Amino acid sequence: MSHALGFATSGIKAAGIRNAEPDNYLTHETSLASWLLTTDHKRIAILYAISITFFFFMGGAAAALMRINLLTPDGAIVAPETYNRLFTWHGVVMVWFFLVPSIPVTLGNFIVPLMLGARDLAFPKINLMSWYLFMIGGTLTTAALFWGGLDTGWTFYTPLSSTYAKGHVVLAAFGIIMAGFSSIATGLNFIISIHRLRAPGMTFYRMPIFLWSIYSASVIYVLATPVLAMLLILLSFETFFRVGIFDPALGGDPLLFQHLFWFYSHPAVYIMILPGMGVVSEIIPAFSRKQLFGYKFVAWCSVSIAVIGFFVWTHHMFVAGVSVFSAIVFSLTSFAVAVPSAIKVFNWIGTMHKGYIHFDAPMIYALGFIALFTIGGLTGLWLATLAADVHLHDTYFVIAHFHFIMVGGMVSAYFAGLHYWWPKITGRMYPEMWGRLAALIIFFGFMLTFAPQFMLGYYGMPRRYATYPPEFQVLNVLSSAGAGVLAVGYLLPLGYLVWSLFRGARAPDNPWGATGLEWQTRSPPPVENFATTPVVTKGPYAYPTPAAVAARTT
Amino acid sequence: MSEAQLHFQYEDLEHQSDTALDGMWLFLAQEVLFFGALFFAWMLNRHFHPLGYHRAAQQTDLLIGSINTVLLITSSAVYAAGVGFIRLDDRRRLVQCCVITALLGLAFLGFKGLEWHEDLAKHMNPGRYFGLSGADAGGAQLFWVFYWVATVLHGVHMAVGIGLVAWLLHRVCKGAYSAAWHTPVEVVGLYWSFVDVVWLVLYPLIYLVGRAG
Amino acid sequence: MNPSPSGGRLQYGIDAASRHAVEADWLFLALLLVSLAVLALVFGLMLRYVVHYRADSGVERGKIAERTFGYEISWTIAMLVVFFGLFVWGADLYARIWQPPESALKIYVVAKQWMWKAEHEGGQREINALHVPVNRPVELVMTSEDVIHSMGIPAFRFKRDVLPGRYESIAFLANEIGAYHLFCDQFCGTDHSRMIGVVTVMSGPDFQSWLAENGTSGGLAGEGRALFTRFGCGGCHNVGPGTGGGTVRAPSLVGLYGSPVPLADGRVVIADDRYIRDCILDPGAQIVASYEPLMPNFSSQLSEEDVVKLIAYIKSLASGL
């Protein structure tokens, strides 16, 4: 089980203490207050992990009910009113309470200070505040969803949401605003920490890609989220006081709503995927035992995805009534944003070339990410192509596209990172066979669920349909069957990861033999992360070249 | 205790100080986008409803608005002086400056409250009971929607600012700051100046545009 | 539920029933080929590497590339070229959808929760259905009475959001006789998934006889004239002898449709469907040069369908009474 290869990794001088059951951040204090009032980034990461897991399964339950309903053309189990509330619930919870926070608040919070060689983030109390804001927001929105639910879709288009909706739009909006403030605080903390708390010798070009990705995602957190917050305030004002900012019947402009909404929500999807790409950029080198191909390109691609991502939002509105000129401009920028993502894919593959590839669970998840993200990204090109989008917009093709990226990509990356850093976080190894099995089940279940949806969309089946014409049934049944398999795949890690907390083998400091400062401290780390501040003298991913390996073994 | 507490993740006080200032600047950048989205929507609607906005703007109280502008600019100047004083280790003057700043801030809010009372008496509340009617009432109502959202949000930010200044006063009186360490004073100063700058954009938008002619 | 045009079988493709659809399908084919090529490359390389370079494979690794710049630039440029080609193709095809020819047959569509109402100029009315002739350009002028809907006809490969408070228009030329799905593609509330219709493309003669069977005497324009009289528009606006010329001076409507109108703010606009609709429902927004803003606002008294009829009537004045 142990993968201690014992390479001298990145020339770091630090006090690495072997496992001898010493005090660590989990055992240091165990009262409830020490958890709920903690300012230790590692504990806050755990608090967040528990919260987003809860939201993930809540959003997943909604999806399960939706897919069961779609087994028959007339709706198998729920009436349209309920179905509409289910998909709104699924979208709202998954976007704002799972995907947007996901990797940054869990793996980011835990690993970023360790990777920086720091003792905590720049503003630990603000970190704790962000968790409380998140929980308050989650409570408010969940209350809105349970008190009769919302039937507007997660996109809240007006005038449907301001004038015709049934349900607690304002309450849900408030919860989302709170979650938004939480993510602004998190992003701010990461940016400042990466600027100010890097260990001595760690220049920007010696930072692991995970940090570049978290930094880029944080820029989006900080600059895009306030626009959403203001939009939801204006929407609430309109709904509550019945005035016409966005409702044309009262003199407003519905397209203004869409522009402001997508100005945030498109960059938001880059918030979701950039950290996932960062995780994959850590795992591929580690499990190929080879330095990352084209490090500087990958680093700057993360930044350019964040920047270009701010200039593509109108591609959600190609048939909404925008001018042909705008549509053309935004189609061009949408093609542009695909380029850095594709460069990353090629660089990951380049990393594997001539590497020494190991197939532990994190690597299987990461390979799955590359496969599924590539499919998702390519179909994004279809949607960026104007005339093609006219046919595919608001159909199941779009649903398949973004699920390939968000679920096939992002969630796989989250699981990859979770398994990769599990030994560090918990001090235990997960059971490897179950890890690989779950990764494969998730991959195949995912393909079965979402690949048929590309075809459904091309054939014209619209999204957000509770019932559908009978000729779409076969593809829907395939998709729902896949969803069942996928559900099993997601429940497995819940089971074996929790099991490993009690019965898993004790993990060494560096089970994978990976580079990175986080592996230079104990598993689990002590409260202060490092006994002495590490000093960095080499770049990241300083794995030995094949020539060096050959020399050593002869 | 006149030495600042060095938090464990920092090397020295200067490191901690720079980091805190960076954090506040970044927070303010985010606030620019927050209010910026509002201003964008406001200006866009002005383009579509010029007559309504013109009519609505006549209902604002230029006198109170101008008094408030003077109060706020003065408070920023006073606070800046306070920062200057603590750099010279003059705690007494810093206390005086903070007190004056807070009082000016409270006066601002007081006048604001008076103004809101007046606006409500004129039925400038958007919705069914809006006080203006006729062809441009829709546009006028939109002006007032933005007026309320902007001034309430600004007022909330002011209240937070006054709270921060009060907290600073408490800390100065306990001797927490000196020429060597007074970063929280500077951080709050950045925030206060920002709230001032937002007002400097709101003032012409609310009171000046559309008034001539 | 409307009967499914395909008879309920699973389709292995969908009809390409319009000229645009045929062109769009070539674009889709190109997208598919590019995607498959990239996937083959990515999956192929990944599969090869996980087998060939697995840790215990014993294969000679040799030197690894230290300088990656050449590779990076090559694949970036290759992508930019391919993407630009797809972009231009897609943009060109897109721009042409929004340019209805002058001679297009106009059908007015009013969407509401949760049905489609279509009106032909001869007064033929349809609900959740659209009858159109084959091989003739058709323009749909659409608006919504409530929330945003979206008219989507997969067989024609097009859709367009239908917004309340304004007209959106889109044109197509159907080139295959048959019956095709029409969907609402923008979530619009409870019965969004039941807002489905059938587009029937008929041969010329069949379409003429359908029109004849379903028309009203006078057509839309006749109904519009009735509304014009009922609401007293002739008191101010001249449409012929005996109208206009009262105490209020208002622009004449004879020959108005399609001609340029100078506005008070200096712009000159063409009096099309959008302009006339806005004049009736929001008269204060655009004042004609040299006239006073005196026209009452009819938005609370006239529905979107009423406006469609009035527009048809005013249009008929262009070609003489």
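In order of appearance the chains are A, B and C, and numbering begins at 1 in each one.
Rule of thumb we're sticking to: a contact is a pair of C-beta atoms (placed from the backbone, for glycine too) under 8 Å apart; a residue touches a chain by one contact, two chains touch by 3 or more.
These numbers were taken from a predicted model, which means no experiment stands behind them.
A centroid comparison over C-alpha atoms places B as the chain most distant from subunit C. Interface comparison, A-B versus A-C: the pair with the greater number of contacting C-beta pairs is A-C. Between the Cα centres of subunit B and subunit C there is a gap of 47 Å. The geometric centre of subunit A is 36 Å away from that of subunit C, both derived from CA atoms.
Contacts from subunit B toward subunit A in the complex involve residues 7-9, 15, 18-19, 22-23, 26-27, 29-31, 33-38, 40-41, 44-45, 48-49, 125-128, 138-139, 141-142, 145, 148-149, 153. Listed in rising order, the residues of subunit A touching subunit C in the complex are 80-81, 84, 151-153, 157, 159-160, 163-164, 248-249, 254-255, 288-290, 293-294, 297, 318-321, 324, 327-328, 331-332, 335-336, 338-339, 342-343, 345-347, 349-350, 352-359, 367, 370-371, 374-375, 378-379, 381-382, 384-391, 393-395, 458-460, 462-471, 473-475, 545-547, 549-550.
On the subunit C side of its complex with subunit A, the touching residues are 4, 6, 8-11, 14, 20, 23-24, 27-28, 31, 34-35, 38-39, 42-43, 45-46, 49-50, 53-55, 61-65, 68, 71-72, 75-76, 79-80, 83-84, 86-87, 89-95, 97-98, 113, 146-148, 150, 152, 154-155, 157-161, 163-166, 168, 181, 183-194, 196. Of all the residues in subunit C, the ones that touch subunit B in their complex are 284, 293, 297.
Only residues 51, 135-136 of subunit B touch subunit C when the two sit together in their complex.
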